[in-house]
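What follows is a pair of complexes built around chain A, which joins chain B in one and chain C in the other.
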Partner chain A sequence: MAIKSLLIINKSGGLVYQRDFIPSPHGKMNSNEYLILAGTLHGVVAIASQLTPKALQVSSTQNLLPLPSQATATAANAANATNTANNGSTTALGGYGDGAGSGSGSGSAANSSPSAAAAATAVAAAAAAAPEHTVPYIPSLGMAANDSKPPGRPMGSYLAPDYFSDSFISWNKSGLKSIVTNDFSIFLYQSLTGVKFVLISTQQSTSNAALHLADNLLRKVYCLYSDYVMKNPFYSADMLIRSEPFDKKLHALVANL
Partner chain B sequence: MAIYSFWIFDRHCNCIFDREWTLKADSSSGTTNSKQNEDTAKLIYGMIYSLQSISRRISSSTNSVKTISTGKYRIHLLPTTTGIWFVLFSDLKQQDLSQVLQYLYGEIYVRYVARNMLSPVDFAESTNETRGQGFRKINNRNFIRAVDRFLGPMVSQL
Partner chain C sequence: MNTASTNPNTLQSGVLGGISSSKSLKAFGETIWKTKTAKVNAELFTLTYGSIVSQLCSDYQRDFNKVNNQLFAMGRSIGVRLIEDFIARSALPRCDNMVQTSEVISKVAFKVFLNITPHVTNWSSAKDAFSLILDENPLSDFVELPMDAMKELWYSNILCGVLKGALEMVQLDCQIWFVSDVLRGDAHTEMKVKLNRILKDEIPAGED
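Take a look at the complex of A and B:
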C-alpha cells in the first residue's frame, strides 16, 4: 500500500501534525480543511463507541453472569476434546471469560487425562485475554535493509533490528478503526493517552490483514513520536509538532515500505 | 458470521426502515421500525454523513464510503444515486457485504417498495418532514418478510 498522508490528533481533537507523502491528484487540501478533518474524526470515534449493537450488549452481560452449570458443562466438553483447533467454537459459545477456575475444577470431575485439562485451561486463558484485540506482529515492516543502515544509532532509543518484536493489544477496543472508500482508506491507531495517529493510504482492501498492517506501522510512528517529540524540551504538550528529526525518521519509515 | 442490524435512510436524513436483532442465536428476535431506535438512527446517520463529506473532500466528489470498522463491529454502506442509504451492521469477520446490500436494494427494495403502487414514492409527505423530522417508515408486510427471510440465515451463523 502506498501512503498518502499521515496525521496526528491530540486528545482534545486538534491536529498537531500533518504530512503528505504523495501529492493528491485532486488538489491539495488547505490546513484549515485538515483541521476540520481531524475534528470530525475525533467526533466520529466518540460516536462509534456509543453505537454498540444490541446483540453485543446482550452477549457481554451474559458473559459476565454465566450459569455455573453451563460453564462447567462447556469446560468439561473442552477438557474432553484434545483437539484445540475445535475448541475455538466452544469457547466462543460458552461464557468463558472466567472459565479458568471452573475448567480446572471440572477436569478432575470429568476424570480426563491431566494434559487434556491443562490444554483446556490454556485455551480458556487465551480466550480470557480477548484474542480479537491482539494485533499480530508483522516483521521488518518499514525497516531499512541491513546493509544500508546509517552509522550511529539509527533507531533512537530502540535497539535494532526492530522497534518491537511481539504481537500487541490494541487499546482502541470500541472506537473507530478504519474507513474504506472507493478511492482510499483511513486507518486509526489510538494510544492509551488519547493521541490518535491517522493514516490515509491508497489501498481499498477491507481485509483484517490490512488493518493489522496499518496498526503495526502506526505503532512504529508512535515509537518515533515518543522518541523525537516527547523527549524534546522545547515541545509543549498538545501543540503543533515541529521537529526535524521526527520528520526525517518518518520519511525514512515510509520510504522503506 | 453474524449480522447485527439493518437500516435504510432516505434523502431527507430520515430513517425509513430499521431492523435490529438482539440475540445472535435467534433470527426472529429483535425489533422492526422501533421508536426506541430513533436516537441511534440519528447517531448512525450523523456519523456516516460526516465521513462521506470527509471522503469527498480528500478525493473526488464521486467518492463514497464502503465500510467503516470499529473495534467491535463493521458497518457496510451502499449509497444510491437517489440518495437512499442501505446500512448493514455486522461483526468483524465479514469483509465485504456489498453484494448482500446490492441484493437488498435491487431485489427486495425495488420489488416491494419502488414497484409498489400503494407505497409512497417519497417518505416525507410535507416540507416540514424533509429536514430529518420525518417519522414515516416502510411498513409493507411483504418487504419486512422478505428482508427477514433473506437476512435471517446470516444472523445466527457462527
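Take a look at the complex of A and C:
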C-alpha cells in the first residue's frame, strides 16, 4: 500500500503532527482543517467505543445488562449517537474529499456497512469478534531491504534488524480502527497512553491483512516517536512536533515500504 | 552484544497468553533487553547521575530536602516520556491489578532500562502497596554519602519520580518513596509503591 499521509493526535484530541507523503494533485487541506479532522477522529473513536452490538454486550461479563424498561431508551440513545457518528465522519471525510477532489467517496464509510449499525460500530464489532486482538508480526516491513550491516547495530535506542520481532496485542479493542472510502483508507493505532497514530493510505481495503500491516507500521512510527520526539528535551508535552530527525526517520521508513 | 538464541515468538505468545505467568515475563524482559535495546557503558550513566546530584547539592547549599524534591521532579518528567519508550518497545497489554504491575515493573521495566531485577515484597493486605528491593543499584555505584547527607538525602530519589511519572501516564496514581537505602547504612535499598487510585476517566476510549 502507498501511504498518502500520517497524523499524530495527542491524548486530548489535538493534532500534533501531520505529514503528506504523496502530494495531492488537488491541493492540500489547510492546517486548521487538519486540526478539525483530528478532533473529529478523536470524538468518533470515543463514540464508536460506546456503541457495542447487543450480542457482545450480553456476552461480556463486565458490562451490566440493561433492564427491559431501559433497553428501548438505550437503543434510542445509540441511534442518536450513531447519527452523530455518521455526521461527524462524513464531515471530516467530506473536508478531505473536497481537498482531493473526490467528494463522492466521502460518505462510503457509512454506506459500506450492510447492517443498520454505523460503520464505526461494524468495525468495532469485527474487531471484537477476534477475541485476542493479537496483531501478527510482519517481518522487515519498512526496513532497508538491501542492508548488509549486521544485526545488533543500533538504530536510535533500538537494535537492528527491526524494532520488534513478536506479535503484539492491539490496545484499541472497541474503538474505531479503520475507515474505508472509494479513494483511500484510514487506519488508527492507539497507544496505552492515549496517543493516536492515523495513517491515510491509497489502498481501499480494510481486510485483516491490511489492518495488521497498518498496525505493524504504526507501531514502528510509535517507536520512532518514543525515540525522536519524547527524548528531545526541547519538546513540551502535547505540543506540535517540529523535529528534523523524526521527519527524516519517518521518510526513510515510508520510503522503504 | 546480540545473543538471540531463543525464539522470541514463543516467549511472546506465552506472555500475552497470560501476563500473570511471571516466568515468561522474566524471559520476555530479558529478550527485549538482549536483542532489541541499544546499550551504553553503565559507568557513564552512573557518573553522569553522580555529577547531577553533587551539582544539585551545591546549588541548593546542602539543603537535602530541596535536593530530594528536585530529583523527584526531574525523575517525574523523565517518567512521563520514558513510558512511551517502554510501551512502544514492549507492547504489553494493560495490567489488571497491582500484582501484574509490580511484575512488569521489576521484570521488564527495570531490566530493560537499568539491567536489574528488583524483588517485589511487603504486599499490603489490600494488595495495593508493595516494596521493591534493589539488591544492586547502578545509580549508587562508587558513592559514599557525606556525613551531613546521611540522614536526609535519598540519593536515588530520581527513580521514585520516574516511576511516579510513568505510572501516572498509564492512569495509575501512585505514591512512591524510599524507605531505606544501603547508602544510609540500611540493610537493603527499599522503595515503596502505593496505589492511590486508578484514574478511570482518563483511560483512553477503545479499551475495554
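Criterion: the second predicted complex is superposed on the first by the 177 of 257 C-alpha atoms of A that agree within 3 Å, B and C clash if a C-alpha of one lies under 4 Å from a C-alpha of the other, contacts with A are read in each partner's own complex, and residues count from 1 in each chain.
Keep in mind that, in the parts below, a contact is a pair of C-beta atoms (placed from the backbone, for glycine too) under 8 Å apart; a residue touches a chain by one contact, two chains touch by 3 or more.
Keep in mind the model is a prediction, meaning the values are calculated, not measured.
Chemist: After superposition on the shared chain, which partner residues are touched by A:P53: those of chain B (first), chain C (second), both, or neither?
Modeler: Touch status of A:P53: first partner only.
Chemist: If you stack the two complexes on chain A, which partner ends up touching A:N172: first (chain B), second (chain C), both, or neither?
Modeler: Touch partners of A:N172: chain B and chain C.
Chemist: In the overlaid three-chain picture, which partner chain does A:T181 touch, first (chain B) or second (chain C), both, or neither?
Modeler: A:T181 sits against chain B, while chain C stays out of touch.
Chemist: When the two structures are overlaid on chain A, which partner does A:S207 contact: first (chain B), second (chain C), both, or neither?
Modeler: It touches chain B, and chain C stays clear.
Chemist: Have a look at where A:K28 lands relative to chain B and chain C in the superposition and call it first, second, both or neither.
Modeler: Neither chain B nor chain C is touched by A:K28.
Chemist: Go through the superposed model and pick first if A:K248 touches only chain B, second if only chain C, both, or neither.
Modeler: Neither: A:K248 stays clear of chain B and chain C.
Chemist: Can you list the residues of chain A that meet both chain B and chain C?
Modeler: In chain A, residues 48-50, 132, 172-176 are touched by chain B and also by chain C.
Chemist: In their shared complex, at which residues does chain C touch chain A?
Modeler: Spelled out, the residues of chain C in touch with chain A are 1-2, 8-9, 11-13, 16, 35-38, 80-85, 87-89, 91-94, 169-170, 202, 204-208.
Chemist: Over in the complex, which chain A residues touch chain B? Could you list them?
Modeler: Within the complex, chain A touches chain B at residues 24, 26, 29, 33, 37, 40-41, 43-44, 47-56, 58-59, 89, 92-93, 132-133, 170, 172-184, 200, 204, 206-208, 211.
Chemist: Inside the complex, what are the residues of chain A that reach chain C?
Modeler: Those in contact with chain C are residues 11, 45-46, 48-50, 60, 62, 132, 134, 137, 151-152, 154-159, 163-169, 171-176, 190-195, 219, 222-223, 225-227, 230-231, 237.
Chemist: Show which residues of chain B lie in contact with chain A when the two form their complex.
Modeler: 2, 4-5, 20-24, 30, 40, 43-44, 46-47, 50-51, 53-55, 57-60, 62-73, 89, 92, 95-96, 158
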